[in-house]
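Worksheet for the structure shown next.
Naming follows writing order (A, B, C, D and E), and every chain is counted from residue 1.
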Amino acid sequence: MRIGYYPGCSLLGSSREFNESVKAVCEAIGLELVEVPDWNCCGASSAHVLDHELSVALPAKILAQAEAAGLTEVLAPCAACYSRLIGAYSELEKNPDHKTRVSEIIEMPYTGAVKVVNVLEVLERFADVIQAKAVQPFARKVACYYGCLLVRPPKVVNFDRPEDPQVMDQLAAKVGATPIDWPFKTECCGAAFSVTRTDLVAKLCGKIVDSAVKLQAEALVVACPMCHSNLDMRRPETNAALGKDLQIPVLFLTQVIGLAMGIEPKKLGIQRHMVPVAFNAPTGAQA
Amino acid sequence: MSSASHHAPHADTLAARVKAATGISLAQCYQCGKCAAGCPVSEEMDLTPCQVLRLLQYGQDKYDERAMRSAGIWLCLSCETCSTRCPQEVEIPKIMDVVRAEALKRGIAHPKSKDILAFHRAFLDSVEQTGRLYEIGLVANYKLRSGHFLKDVMLAPKMYVRGKLGLLPHMIKGTAAVKRIFKRTLGSKG
Amino acid sequence: MSEQFEPKITAFVCNWCTYAGADLTGTSRIKYQPNVRVLRVPCTGRIDFMLIMKAFERGADGVMISGCHPNDCHYTSGNYHARRRWMVFRDLMDFMGIDTERVTFSWVSAAEGAKWGALVNEVTDKIRALGPNTEQKQLVGLGVE
Amino acid sequence: MESLKQKAKELLEAGEIKAVLGYARGTSDTRRPHVAMSALEVDKLVADQACTTNLANLLMKHEIKHLGKLAVVASRPSTLRSLLQLTAEHQVADGAILALVPAEGGVKQLGTAQAFEEHLALVPQKKTEKDQALLDRLKAMPRAERFAFWQKEFSRCMKCYACRNSCPMCYCERCTMDCNRPQWVPVPSHAVGNQEYHLVRAMHLAGRCVECGECGRACPVGIPVHLLTFFAEDSVRAQFGQGGGASATIDNALSTFRPDDKETFIR
Amino acid sequence: MSRIGVFTCHCGENIAGTVDCPKVAELTRQIPGVVHSVDYKYMCSDPGQTLIKEAIKEHKLDGVVVAACSPRMHEPTFRKAAAEAGVNPYLCEMANLREHCSWVHEKNEATTQKAADLVRIMVEKVKHDTPLTPIKVPVTKTALVVGGGIAGIQTALDIANAGHQVVLVEKSPSIGGHMSQLSETFPTLDCSQCILTPRMVEAAQHPNIKLMTYSEVEKVDGFIGNFKVTVRKKAKKVDEKACTGCGLCVTKCPNKKIPDEFNEGLAFRPAIYVPFPQAVPNKPTIDTANCTYFKNGKCGVCSKVCPTGAIRYDQEDELITMDIGAIVMATGFKLMQTDKFPEYGYGKYKDVIDGMQFERLASASGPTAGVIKRPSDGKEPETVVFIACSGSRDRAKGVPYCSKICCMYTAKHTMLYKHKVHHGQAYVFYMDIRSAGKDYDEFVRRAIEEDEAKYIRGRVSRIYEEDGKLIVKGADTLMNGEPVEIKADMVVLATAVQSQDRSEDLAQTLHISYDKYGFFAEAHPKLRPVETNTAGIFLAGACQAPRDIPETVAQGSAAGAKVAALFSQDELTREPIVAVVNRQAPPLFSTCTGCFLCQTACPYQAIEQEEIKDRSGRVIKTVAKVNPGLCQGCGTCVAFCRTKAIDLAGFSNEQLFAELMTL
């Protein structure tokens, strides 16, 4: 099986462990990733603030490149990229006459032939394979954190349920983890304010991390590089805001799956985290 | 011929601009406050989301201006919590985009928007130049634009050690095409 | 023709809304031009498209068709059926080159006496400006003589 | 062709059907309808590119109806579309008529409306380039010019009703044209009667036309009458999303409605 | 040749002021077929009518045109006059010279000419008029009331008290409906059961009421006065005659862990059960889906203990067909379930309950005997948040309408709570307080001022659980949308009132219309609020739209009065303006081709299929036939019919054609 792959900018930089772990897991489950040729940035959380048309044109260019390469489906592991891509796709499907205008802007035909999927959606298709290959169960209590962009707005992404989503929990359970039932699965972490309003991010992340620890989670599991960097890289600020010293690690779901499949931690980029991935009691998976 | 034109909002109000740009009618909002109740940052806002919508509902310059001058609109994270739960299905983040763009155009954006804008501008600069985001370039550019030179200086070495910072930008083949996209969209609107 | 052309306008209206609306125009003493002749039918659903053609054949320069607003039909849905019929019929008339400007479809409720008066005036003026329905009249001339 | 004959014989022998309605060689290169009730008659069946007539038209004739269960050769999709529309209009019971569709390397036997629908999904109906070109040209004309075009065409019409008689959907035992109390449409073939006749025919077929084009082919004086019903069908499909001959179960577009039907002309 | 009389009315100056009436009389006298034409000052006056009647006799008129005011005004007057003089009333037509001519035009020649034209049109119509006789249909004086809640009970009692037979059909094992579940009622706080149960008993014992519980309407044919209704009487597996209602089976049933519907899942019941102590009839029913005997053939305890041997495991559903003259739908409503609220936990928090569950908690006969205890741990909640408009006025949840009763019952809940938990604090999140009604707003004020409920104007965005508390995140829009967070012990959602499940199916069975929310549609929102578009079928209560008890009872009585009025006649007389499908000599039989496209066009399901058979019974042709009992005469089918096989009496093709030909 093959699928189009749009890593996005963060996965080449600050979140390269996500890229590494997605690739490692996909290889293990037999899914070939075909990178969209010469892809550009999707505009992330900046383009739409300054110009709506730009925020549609950049993702449309990516999808048009994919279309030209004969792809019909593109996996965007980064939740922010996914959100921009599917948002543009959905808007252009709703207003088909805008397709002509956008094609002019991006200088190539955009027809809407390429569908966008997120990493949970793709892994869900392989849930049984993943379960079968989970030789070293990740026997930890985990708090699955979805963030905003995977499930909202529900009419656009049309994936899982908008409040209290389940797919990540189910996948984590398939590899031996025990997902906790907790109320902060989709509370915002502060997203793009990481640099400009670190104080706010610290406050929002504080609620999330604190709740997970209170409910005895041993790890936070995420599927979004922005959430990851806020929960992981901004931990010093978060701890300062909370007045606590919480050392709960933040793993990408693909890392959790990868570890359970027995993939070498280094290949999954475990060493790249700011909050070290270390657990108190020994388990089947080590980091 | 059609009677629809009777009900079109006054042409140059912000509400009319919102309608034209997004198709959303401000009249849909019935001020239940559910957006403000769920918004992760509404406590930080000088105007909560429902208040911004309320001001726009008047269709009067002084209220439009009050909305555009607020700091709160710059705090919206576009997390979509409000629109997901809105009983009237108002897509508030899209409205926020329009209000911010108008505030910038008229030069009345709140001073606190400076840093946030600097970040977004720096981000887009990077994309315009290389086609992709160049994170180091972004941080350097942001610092230049915002003046926060010492921000996060302790973070960079840690990131570097963990292989999280690429020192060179990724150039794509289609940079020229991307630049033209910027010109046709952002550029054409000043 | 030295005199000003006075158009002949035939109207088909439903009993429950437009006929009553036109009654209200009268009770309100709203004046309009006397060119229109109203034929009463129970419902717009009853209006056979052929009646429109027959009106033209009889020398009508304009035809008006009017009934209850959507959702207000006395018979709940006759007007909806009529609307679909007209949507196709009007397209087809146009495709055959028959002037659809001469057929006015409207919803006039029992409360819209003023609307009826204004509409009749507007249609009368418009048809007067368009002139006699020569195209259709010539067909009859060709056929009947 | 051989597989068609083979299939026809099998069905007749098994007693599944009483007759096959197909094509046989006519004069010169033409093909004519042919009813085969025996092996001998089956041998006369032809299946080739020249078999274009929509045989569904004949199914509604008394002489054919009385033969008993039939198989009809559906060399073109419009025959199946006719069968679907006739089923929707309670003229043919679902499953009462078999369709034999000549296909590559054999013949496909279809027995139910559902099977017809499934087959039709594979062979979309398309207008000929010539028809499409003329339609487009007409639509682009100024209205008065279009009026003149049709009046010129209709001036040749002599109300022979060949278009009506060749239409599989014009199965009414007594046509409106023959209705004289009141006399809706004047009998003589003069201008106003001709215009009204063609308008009535097109309106009566709107939402029901299967677009076989038989009417146009039947016209002895070459009036493109089929474009009227084609146009009506396009209008119905564009505005209501459903047209004739697509299904045996969907209600007719013009005898149903949606409260939110969108038009632009009602005041 | 016709002998038509034309009578032109001056209407004082109303017509004569602008129209030259004598000239109209003169002009119209020349129309072929007109043998008499006069004008007169007031045609509708007694002398005017006498003038017409005498002219009819003197000139042997066979048709009359009265050129006067709108037919909507005086058509009945003149038709009656014509009938009195021996002319069929449907041969009398009116030309509208007043509203459509004299009142709207200037005084000039064109106006007079138009008046003459209007008369000409009607003369041609009269020429093609056919004498019509009002349609008479017999009436079966038995009413069917569907639904045994307070709406159905009230309707049934009113009809029965008027002396007519009623069949009251209820789908569950007991009548009583939602009202029997309520604790106390607003705005008087009187006990619901205390006022309802006497009515239930009265209905059960009324000699004119036949009660059919655990039964559902399966099929409805026919038309007003003449319905044929099939009811499925579901097997209770208990012989109602043999059973004494001693209740031994209920106490002995070993399977006692079935969620109790009457207590909204807050308690359990056995597999053989009586829904509640005051149930009518007070005899048990076996819930076969949960009964051990029906699941695996073992057990049979109820049968063993029954002192009268009333248990019938082999009892089957019965289909009962009956003749019915009128039907009243009183099927009520349902509440939106708490699992429809993603932001409030998809129903996973046990202490987030709906309004009906709160009623059961507050009810003296409820699972907690009226003590407010929260479902999760049975503790007394010290802080309770009530959320109004939960799902109502919420287009995102598919319910844009106001559920109407929630404002009032939420105020009631806060009072009941405060009366039972004196130190407790009730909060109410609301958007607007809709308390129009006698003593209603005073009631809400009492909840706020005396029982200290704190009302916060804003919606709640989210509820989640933390440290054993429910965190309720709302906002106060009266304080600039400031976020408000309340740590509650229990949350009560005033969930939306919705139409019953499968109400659309039921509406289709009865051929009545329903709105997009599944509520049954009234014939006219103002003037015919308890009638449906199908003659002879009426509506009562919340099956039509959300309603409170007083309105429901008023509507039940209104529907009852409608039925009683219908049953006061032995025959129904209907306007003969109906469609007819022609019949012709063989072999054509009818010009109808049997395409039946008219069936979907008819708004009243009045078009039936008629099989024409030969002597041996073989079907030769199937053609359309209009049921004159159902047809309302809109004529949509007429315009639709390609072969002109259908025509409409009073507005026939020939008539319209002739009218047009005068122009």
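Odds and ends about this structure:
FYI, contacts are C-beta pairs under 8 Å (C-beta built on N, C-alpha and C of every residue); 3 or more make two chains touch, one makes a residue touch a chain.
All values reported here derive from a predicted model rather than from experimental measurement.
For the criterion of most C-beta pairs in contact, the winning chain pair is A-B.
Remark: the per-chain Cα centre closest to the mean position of all protein Cα atoms belongs to E. Computed from the mean C-alpha positions, the centre of chain B lies at a distance of 51 Å from the centre of chain E.
Here the spacing of chain B and chain D, counted between their Cα centres, is 58 Å. Chain centres here are Cα averages; for chain C and chain E they lie 36 Å apart. Distance between chain centres (mean CA atoms), chain A to chain D: 56 Å. Shared interface positions of chain B, defined as residues touching 2 or more other chains, are 81. Residue positions 162-163 of chain A each touch two or more of the other chains.
Listed for chain C are residues 49, 54, 77, 81, 85, each touching two or more other chains. Only residues 70-73, 96, 98-101, 103-106, 110-111, 114, 117-118, 121, 513, 533, 577, 601, 603-604, 632-636, 638-640, 648, 651, 653, 656-657, 659-661, 663 of chain E touch chain C when the two sit together in their complex.
Listing the residues of chain E that touch chain B in their complex gives 343, 389, 393-397, 431, 457-462, 473-477, 480-484.
Those residues of chain C whose C-beta lies close enough to touch chain D in the complex are 49-50, 53-54, 57, 70-71, 77, 80-81, 83-100, 104-107, 119, 135-136, 138-140, 142-144. In the complex of the two chains, the chain A residues touching chain B come out as 9-10, 12-16, 38-41, 43-54, 57-58, 61, 104-107, 148, 152-154, 162-163, 186-188, 190-193, 195-198, 200, 204, 233, 269, 271-274. Within the complex formed with chain E, the residues of chain A that make contact are 161-164, 183, 211.
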